[in-house]
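In structure tokens below, several structures.
In the two assemblies presented below, chain A is common to both, partnered first by chain B and then by chain C.
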Partner chain A sequence: MKNYWIKLFGLTLTLSILAAPRVYSAGYDYIDITNPFLKKIPIAVPFFKPISTDTATDQLSKKASDLLAETLAFTGYFEILNRKAFLIGPGSDAAVANVNFHNWTSIGAELLVTGAVLIENNMIEMELRLYDTFKEKLLVGKRYKGYIDDQRKIIRRFCDEAIYALTGRRGIFDTEIAFISTSSGVKQLYICDFDGYNPRRITHTNSITLMPAWSSDGKWIAYTSYARGKPDLYIKLLKEKRGTVISKTGLNITPAWQPNEFALAATLSFSGDPEIYLLTGAGKIIKRLTYNKGIDVSPAWSPDGKKIAFVSRRSGTPQIYIKDLGTGQVNRLTFQGNYNTQPSWSPRGDKLAYSGMENGLNNIFLIGIDGKGPIQLTNNEGDNEAPSWSPDGNLIVFSSTREGPSKIYVMTSYGTDQRKLLDMKGQQSEPEWSPRMTDR
Partner chain B sequence: MRKKFWIVLALTIVIPGFLFTASCAKKAVKEESMASQQAENEAAMKAKEAAEKAKQEEMAKQQAMEEENLKKEAMMKQEAMDAFVNEDIHFDFDSSTLTPEAQDILKKKAQWLLNNPDKSATIGGYCDERGTTEYNLALGERRAASAKAFLVDLGVPASRLTTISYGEERPVDPGHNEAAWAKNRRCHFVID
Partner chain C sequence: MALETNSDRLMSDINVTPFVDVMLVLLIIFMVTAPMMMQGVDVTLPQTTSEPLIAKKENLIITINTKNQIFINDYQIGLDNLQEKLKNILEGRENREVYLRADQDISYGFVVRVMAEIKAAGVDKLGMVTEPIHKKKNAKQ
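Showing the complex of A and B:
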């Protein structure tokens, strides 16, 4: 991946040379990250202009402009304006150079993305620009060159620049989602791109596989498999397909990688009781983290690695607790409801998402680490489980039975824009959003 | 000389004549006794045969009975084993506490394990679909551990019992209703 981007960068001319003085660099006020989904920003993405005059270029420029619009829309920040409302026709020169901003502001577009596509010798060249139509400013201008098959990567790369220009934060366009699917007949581990594109099978066994967890550098994945007949913990280096198996007596489940460390918390029951331990990435026990007769399970790290949230039945029902690993102090976090499990700590550190059950059905809730809330994000749409945050903290991926079989859905962290992530045979569950992969 | 002749005659004819009659009479007696003995023998043989037959019949009967008993015993053994394998114990929602019914079943299972000291068993812990995957795996483990602890208390060596949790992964009834859930909240026993 890394090598690829170096290659791509080598071929990339940034348009900032062309527009350096006008690039809006401190544009963080476009999207209010305290509630970015309250008002979606209307954005126009006209068809890209084909520079080379052949049907391949023509088709690709249309496809690429659609893909760019979908990719930006995935964030939940934008309202993609209908092209039928545009005042200028597709492929018009005016859509690329010498933009007449009035054409766009008068249809309500606050942002505009233009593109030009050139295909030459099986290589593609794409020039993409993001404008603020009201300020009449170029926010991002980039030219990319690569193989034709790289168009998706080019578009994601540009979207990442666009999001960075608009929010001051890096986007999620190079992230992936690990999940469990029964497509093969038995629960196996799969990974797809952030938007559900390109799902691929990672484990190839006939044994139940559960609970994937990414290391914070995105290189390792841990999960539980019954490949040896009982629930063991597998720690796998994705690229090289090597790793470790933790196969102690009883449970070896619910891995959660410690941020920025080659270590993970997991539930082991070799003592006769499910307890949470801190392990090295090689599977050696560093120390025991919980001491309580009865169930302790499902650790989730705070982003600073100083605390863990976990599920315990110590009060008589499953509830979420937070343990400060420095002081050793444990506090109960959830008090509403009799069944609160699956904590997932927000990347900004201020909230936890979890599954709360009522009348036999789970829903996704948010609660402040101070106990404020909880806020219910899903409602009356089947069983909703296993929330996991996108690394920018804007989106939550989860599983839902709202259409019958369990499928994977995405929503904003405000519960808006709930949509199915991918269509696949069988049932999908336990989605786990990867960290950003740039450094992988 | 003449006298001598008579003596010789008497010796050669008369005495052997006597001898002949005597031996003749003796022979008849002997024949008579042989006949009666034969009859006796025949009767004894018959009796013996009858006795033998009766004995054999008795033995066959006994053998059949024994076989039947063995069969019965084997059947009972098989039944006990089947019961051990087929009879699940059930739990309340989000609970690993053994109900009185579960305890009764476990007592039978303990007896079976004590009667079959060469057998080991694996206790599988299962949950209904309503909880969440991770917690249910832990709950399944707790259920199996409860059952194991009870059996160990009744004298079954812990070394002969293994626990494994399947959480909500292998429901015995795929339904989405209380009847199905009640069946799925269980421990299932397998002989290793």
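Showing the complex of A and C:
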């Protein structure tokens, strides 16, 4: 046993020596996002120091530091340390100049974010820094200037830099979530920020709206609406409120945009049988993708755009299948359970999330594209449906009836940190996470 | 199952359950000597021969100086707030170990009062920091 440990230790040491230069130069040896047993990193976010001495700056610096802590905590990577444990006096600038790192390491903080806020002529200046307290090293240091209303934007941009420094991947802080809500009495399309902030209504009709889908540049959204009395497909350019309607006989439902193309897959039933077609963004049919008697619905693209997953009843029960668009080959993916629907392909391409029904209740499952798993992520808490991945592959948004009415929840892709995304009147369902919006 | 069928067999293992209980209740106190480069609040430590303190970055050190002022690292705190502060700190820490550096001229009564607060905060290991005995004294002995 002892030998084994020595060997193991030796091996780890060798590996870390080999890996060190590469990982270190890339600068993201902090959070390994592929590790399911991720330990949350304790991070200290003391109140930002107000530079200008008025009550407005004072309040804003407190609010901004709270917002920064919440924004970072949303990722599920961090444990925000209690400010009451901090070894700094109130109003002390110990957290800004000459950081005493020992006072942070000895309360358990491995990372530290400090900030200073200055308000002048209705403009806000924020200096934010992320430190590694053990290495006593500055990881990210940025100074931002903007209008006071931009503070949320500033904080999100800094969080994006921080996450990039820690994980080597861009975060989700500029993404949005589209969803369906009955707040107005009828199911309508809404969009909110990634953290549930600022929900806004997109469609203004008195008829049911369903199944939103984002184009991969985040500019277009497709959905089904009964505005003309039957399920038609609406393709809409969000900024300019123009677009197309696909109004063929029968169903026009479940749109899914092809990655990096102005084209989408959707289910149309004009032939009498719901089948999946590939359409241009202007609504013209490019080709038919599925050929089977019986329902084929809910296409989901692989991130490389070479395959689609979809739901079909061809074996008698709704199951998820994968079609390789190059070879035309179709393989059944799910074999467990009698009702598996709503596939959503992970951004890394290795897994699919879907909802599967067992004993009359839906739950979210993950399955490898090789069929490995499935792993159940939600359990014993009402109906959990419509999973959709965050573009960094770290989080999954879904709807759940765990508190009675259907609401939108977020969890990590390992099923941990399940929490409600937003409080709104009525019921919310069918969340769809947008791609990153940087280039929009 | 095996015990029922073979009841006359001797149980050779030490039952550690009561031992664990004792460990949980007691505050473990041990002594360490501070290395020369120990920084922070200036105090004169009593001299003993004991294990040297391993300098770790996450060490939490409570100091009492000659004016009966209490410090956590270099952060000054009153005796009344010490317990709550330590509780909050221990929430974020993995171990519950604290080092105490009291000036050698502080009254025994005050040190014990501070120790009681430390224990009540949930600290289970307390290291008493001392200074190594100077060589001259060693020579006399």
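Rule of thumb we're sticking to: the second predicted complex is superposed on the first by the 411 of 440 C-alpha atoms of A that agree within 3 Å, B and C clash if a C-alpha of one lies under 4 Å from a C-alpha of the other, contacts with A are read in each partner's own complex, and residues count from 1 in each chain.
The definition used in the following text is that contacts are C-beta pairs under 8 Å (C-beta built on N, C-alpha and C of every residue); 3 or more make two chains touch, one makes a residue touch a chain.
Quick caveat, the model's predicted, so the values are computed rather than measured.
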item	value
Chain A as common anchor, with chain B and chain C clashing or fitting	fit
First, second, both or neither for A:185, with chain B first and chain C second	neither
First, second, both or neither for A:103, with chain B first and chain C second	second
First (chain B), second (chain C), both or neither touched by A:341	first
More chain A residues in contact [chain B versus chain C]	B
Which superposed partner A:385 touches (first chain B, second chain C, both, neither)	first
Superposed arrangement (fit on chain A Cα atoms) - minimum chain B/chain C Cα distance in Å	42
Footprint overlap on chain A, comparing chain B with chain C	none
Chain B residues touching chain A - in the complex, by the definition given at the top	94, 130-135, 137-139, 141-142, 145, 163-166, 169
Residues of chain A that touch chain C when the two form their complex	42, 79, 81-82, 84-85, 87-89, 100-103, 105-109, 134
For the chain C and chain A complex, residues of the former touching the latter	57-61, 72-75, 84-85, 88-89, 91-94
Parts of chain A lying in touch with chain B, wherever the complex brings them together	187, 208, 210-211, 224, 229-231, 250-251, 253-254, 267, 269, 272-274, 294-298, 311, 313, 317-318, 338-339, 341-342, 355, 357, 360-362, 385-386, 429-430
